[in-house]
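Naming follows writing order (A, B, C, D and E), and every chain is counted from residue 1.
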């Protein structure tokens, strides 16, 4: 096995990371957009609270976040019974890994979308309103297309974060090869023992490759959006 | 359909207190910069919250109604095109959002406003006038129950205005929706206005039918002397077989017009500015001017400057002429005296001739 | 005057107490820095000003010894044992059927079996018992002993392999079956003195006074 | 100071190929929507890269120079005020950035443009016309070597325009900087223009001094018939002791003007639109019109419509009159014939009288 | 000692965290602004590379970032000799903790500022240009004030991130109470052993308090900026 050949376990980690990052971003985007909209456009009781809550995963040590996830979504967690009824298991599953990654990426995605929302010229929304577009349609046809570069930026940062995340992931879903071992947790495991520098380097190369790819893709997309 | 409103609102130091009743047709809102014209239109469209009062379209109070439910089409002072979609998609969007469906025909609007070469462009690649035309088209396509046009043509050149104005006239005549129209251009106002509302420092100081307001010497200080004049309505006759010139018959005689592409039998309105009329005490001869009327002075109104507004009656029509005090004295003009009024056929701006 | 003690995070409560005692009887103040052994070892490798390094991770110990010319050999300062632990106090038969029955399709919590010391020992023990192959797909490998303890104490897993010392200090978690020390390598905590000052502290760790503290936290004498 | 340019540039399908030489004074750039007026101004300011050609201010080629080094003040078609600072700070910013220092006096500009009540406002709380005035003030304060004004007054009402125009005239006379001025308004053009450049589909089709271009029958198709006319320069005389009216003496006689606040001895320019002149074959009598001139026909130019452009000479001044072909025939007008020209004093728009 | 009383060590950790987060944000802001400007406004060779580099700390496991910092700025690191000449020691000092936090927060700050920059209307910059403002002055007087809400957003997210960061910190500067032990690394240490729930809760409460305070402050500031 030469240095650049990936072992099956590494390939599994690679595929899983890609899956986890993609799923977590895809599922967070709509929710993040909604939350960003609330935070940017509405004044309501609990605004500050929601804002703080969204930022929490950024502030807390990832392990704490993972622990809180366990408390909430573990088998014996607060929502454990509900999840059980739904036949959904999160702890120690890849779905749980995606959840953990999504929670960790969430504040970054919300911030990006919120900034984009705040930069949208309300005059354009007014114009759409006078043309008879309901708030929902204004959002769909005017606001959303205008914030797409911001959404994209959020998605990429979120994707990168989801790829790099392991603290909450490993705590919530542990590190089961083929099931919940992402590149990041594989790297972590490798780092625990001496003399694994080559393997670590290979894994890091992989994850950098993935996220640089996502970055470049997003830049190209963004440029295409803006060019018109 | 009618728009009626009586609203009050305060924005920092600015206080708007406007009353207005706009039936089908064009109601021109005229007033100096900062007098509240835009604020008034925004209130109608629901973009500005009013402190008190009512706004009704067709007797239904719309105060408190969400802007998008009001079906008030709006052309803003700046174009406000959606920058992320092409011109064509801007238009299609408006049509799709228009809830009564129907509305104007996209192709017709595109041709009229000469938008065809622009359809695949984005707003960043449009000139000022082009963008304003697209904005106008967009508003027309949204099938509004009432149109608010805030200086829609002020970025357009004269020739283009002349091509677009007849369309607005047709729109006014066909759709029977009230159009609130802000403009600074007196000839645009004279051509389009059925009604005029004069704004001054947030208040609607004078309003009424265009004919009345434009010929009202009391309105002159608000309109400016150059905007004062007479609007006469009449009917196009078959062109003169000898001269080939168009003729309009009105309650007081016949008026020879410059080239006019209106068919015989069509009702038209013409504005004759007070300063475009020359008065004479004897019948002038050998003149290039083709329209010479014989009238009786009914009113004389002295302005602050060296001018006098002379109102005289020709048949049943009242005309307004502005001459110098010196001339009035020299000619011995007085109430009841007979005068000859000279009007040049080529002085009529075709843009000032409306239906 | 201070000196730096780099210690594996799992030793925190015991080391905190020992350091406080040490300070009382000498004029030296030990500054304790807790992190994963891997992190501490790499820092020392990069020139961190450590006077002592204490860890259960023999791999990193050897790595450091190979790398640096140390005057003194590492000394064992404490020992530990492994146990099967659970939230329920029902004793476990250390046989495959009973283990699988207890797991009931769930997972067995252990730290990373390839890298974390506890994981390594647990894997050795399961290997010796001949269970490893069967249990492999049931393992929930976690980043450290503490995480595994949490999984057990929260009931996310029915069983875990943990340090006896951790189980002793965690209310609501029971040791349901001892794991014989014969089944795996010695579970020892070693201290490498890097400086003279560090050597003094290591000597202190071996005194009964310090040993008593280790034992208070469930650790065994070397 | 002079701006000279000869540039070519391509933007998608639009191709600009313009030549222009603008000495001190106002060069009006006139042309239909989309003809490239804005693009031309942007190129001068360095905001649009040219493909080939040169632009020089005072003989120094500025192509390739950074926009901020060019000292080209610019009033954009839309106000572009800085939204994060007050009106006053917008003005102060411009003054601070103006590198020649000096420039205009802030207070003077504020008073002239009637900005005082707006100083502490943010641009979001300004009306369209107010914002445009601030933008104009800002450009004036930046102490430019050349001014590009893109429809600076088109959002303003007539009365406000009349108050601002004399200031622009003074600016033109005092500072000797070239002003490139885009407008759609023929009377604004006639009043301000020293030079005129006509644009059509990206090309500068005709250019020259205002007097020449406005009186050139060949320019009529580009200007539109209503913009054609004569610009005559003359000198203000002491007011007529009997009538109290202002009198301007020009190379051809005397012109009686409406109220005019210019002092005696001042050079002024007046535009008389071709359509404002009535011709007669005999000396008319008893008219309210005070200006009657005696001239000789020097040229007749038939348009596409029913009109004829008649050029005639009064003293050394050429006038242009537009009358119907029918009248011309009836009156037997021909080259060399003598005519009487009737011009109303009150027909002069004070806004059309410039220095 | 009741549950809400902080031990001296905890107070030290609190103060240090505050210091580290503040210093790291204050020092990164100008650099992040510059980098964001380059990324948003300039097209140059290496644009993609710079972009990838900036995002790296997001993708890499924090421990790896910390290790790379150690390799670069440690005593025996690549820049070790340079730092020694300058009399600057980073590894195992609080200055180093700030550096680690700054590096970790950097991508978030850059993203926020970049988004704000891309939302600035270039027409306003053109206008400033024609008034004779040099690019630098345009930036200072027009662009910067307009992106301030974005800069603020970046600062807050960066601050929160810097507060929560411990992976890179603990690796680069270790976990020395009073010197390099931030709240986050204190929490990490406490989490390694059973029975410390009260202390962990107290520390988490502290760090949440800090970042919620920063959040609220930023919201108020941002609203004040926009209100005009």
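What we mean here is this: a residue touches a chain if its C-beta (ideal position, glycine included) is under 8 Å from a C-beta of that chain, and two chains touch if they have at least 3 such contacts.
Remember, predicted model here, so these are calculated numbers, not experimental data.
J.: What is the shortest path, in steps, from subunit B to subunit E when you may only step between chains that touch?
T.: The fewest touching-chain steps linking subunit B to subunit E number 2.
J.: Please identify which chain has its centre, taken as the mean of its CA atoms, farthest from the centre of subunit E.
T.: Taking each chain's C-alpha mean as its centre, the farthest from subunit E is B.
J.: Roughly how far is subunit A from subunit B, centre to centre by C-alpha average, rounded to an integer in Å?
T.: Subunit A and subunit B have C-alpha centres separated by 57 Å.
J.: Using the average of all C-alpha atoms in each chain as its centre, how far is it in Å between subunit C and subunit D?
T.: 90
J.: Report the inter-centroid distance (CA atoms only) between subunit A and subunit C in whole Å.
T.: Between these chains, centre-to-centre, one finds 34 Å.
J.: Would you mind pulling out the distance in Å between where the CA atoms of subunit A average out and where those of subunit D do?
T.: Result: the chain centres lie 61 Å from each other.
J.: For subunit D, which residues are shared contacts with two or more other chains?
T.: Residues 78.
J.: Among the residues of subunit A, which ones contact at least 2 other chains?
T.: Touching at least two other chains: 63, 67, 188, 191.
J.: Scan subunit C for residues touching two or more other chains and write them down.
T.: Residue numbers touching two or more other chains: none in subunit C.
J.: Could you please write down every pair of chains that are in touch?
T.: A-B, A-C, A-E, B-D, C-E, D-E
J.: For the complex, give me every residue of subunit D touching subunit E.
T.: 45-47, 66-68, 71-74, 76, 78, 80, 82-85, 93-94, 97-99, 122, 124, 138-139, 142-144, 148
J.: Touching residues of subunit C toward subunit E in the complex: what are they?
T.: The contact residues of subunit C facing subunit E are 4, 6, 9-10, 12-13, 31-35, 39-40, 42-43, 46-49, 144, 146, 149, 153, 166, 169-171.
J.: In their shared complex, at which residues does subunit E touch subunit C?
T.: Residues of subunit E touching subunit C: 63, 66-67, 70-71, 74-77, 80, 91-92, 170-171, 174-181, 185, 188-196.
J.: What does subunit B use to touch subunit D in their complex?
T.: Within the complex, subunit B touches subunit D at residues 11-13, 31-34, 37-39, 77-78, 117, 121, 125, 127-130, 133, 150-151, 154-160, 184, 186, 224, 226-227, 242-245, 256, 258-259, 275-276, 278-282, 284-290, 305-307, 321-324, 326-328, 331, 342, 344-347, 349.
J.: Would you tell me which residues of subunit E are touching subunit D in their complex?
T.: Interface residues on subunit E, with respect to subunit D: 123-124, 126-135, 137-138, 141-142, 145-146, 225, 228.
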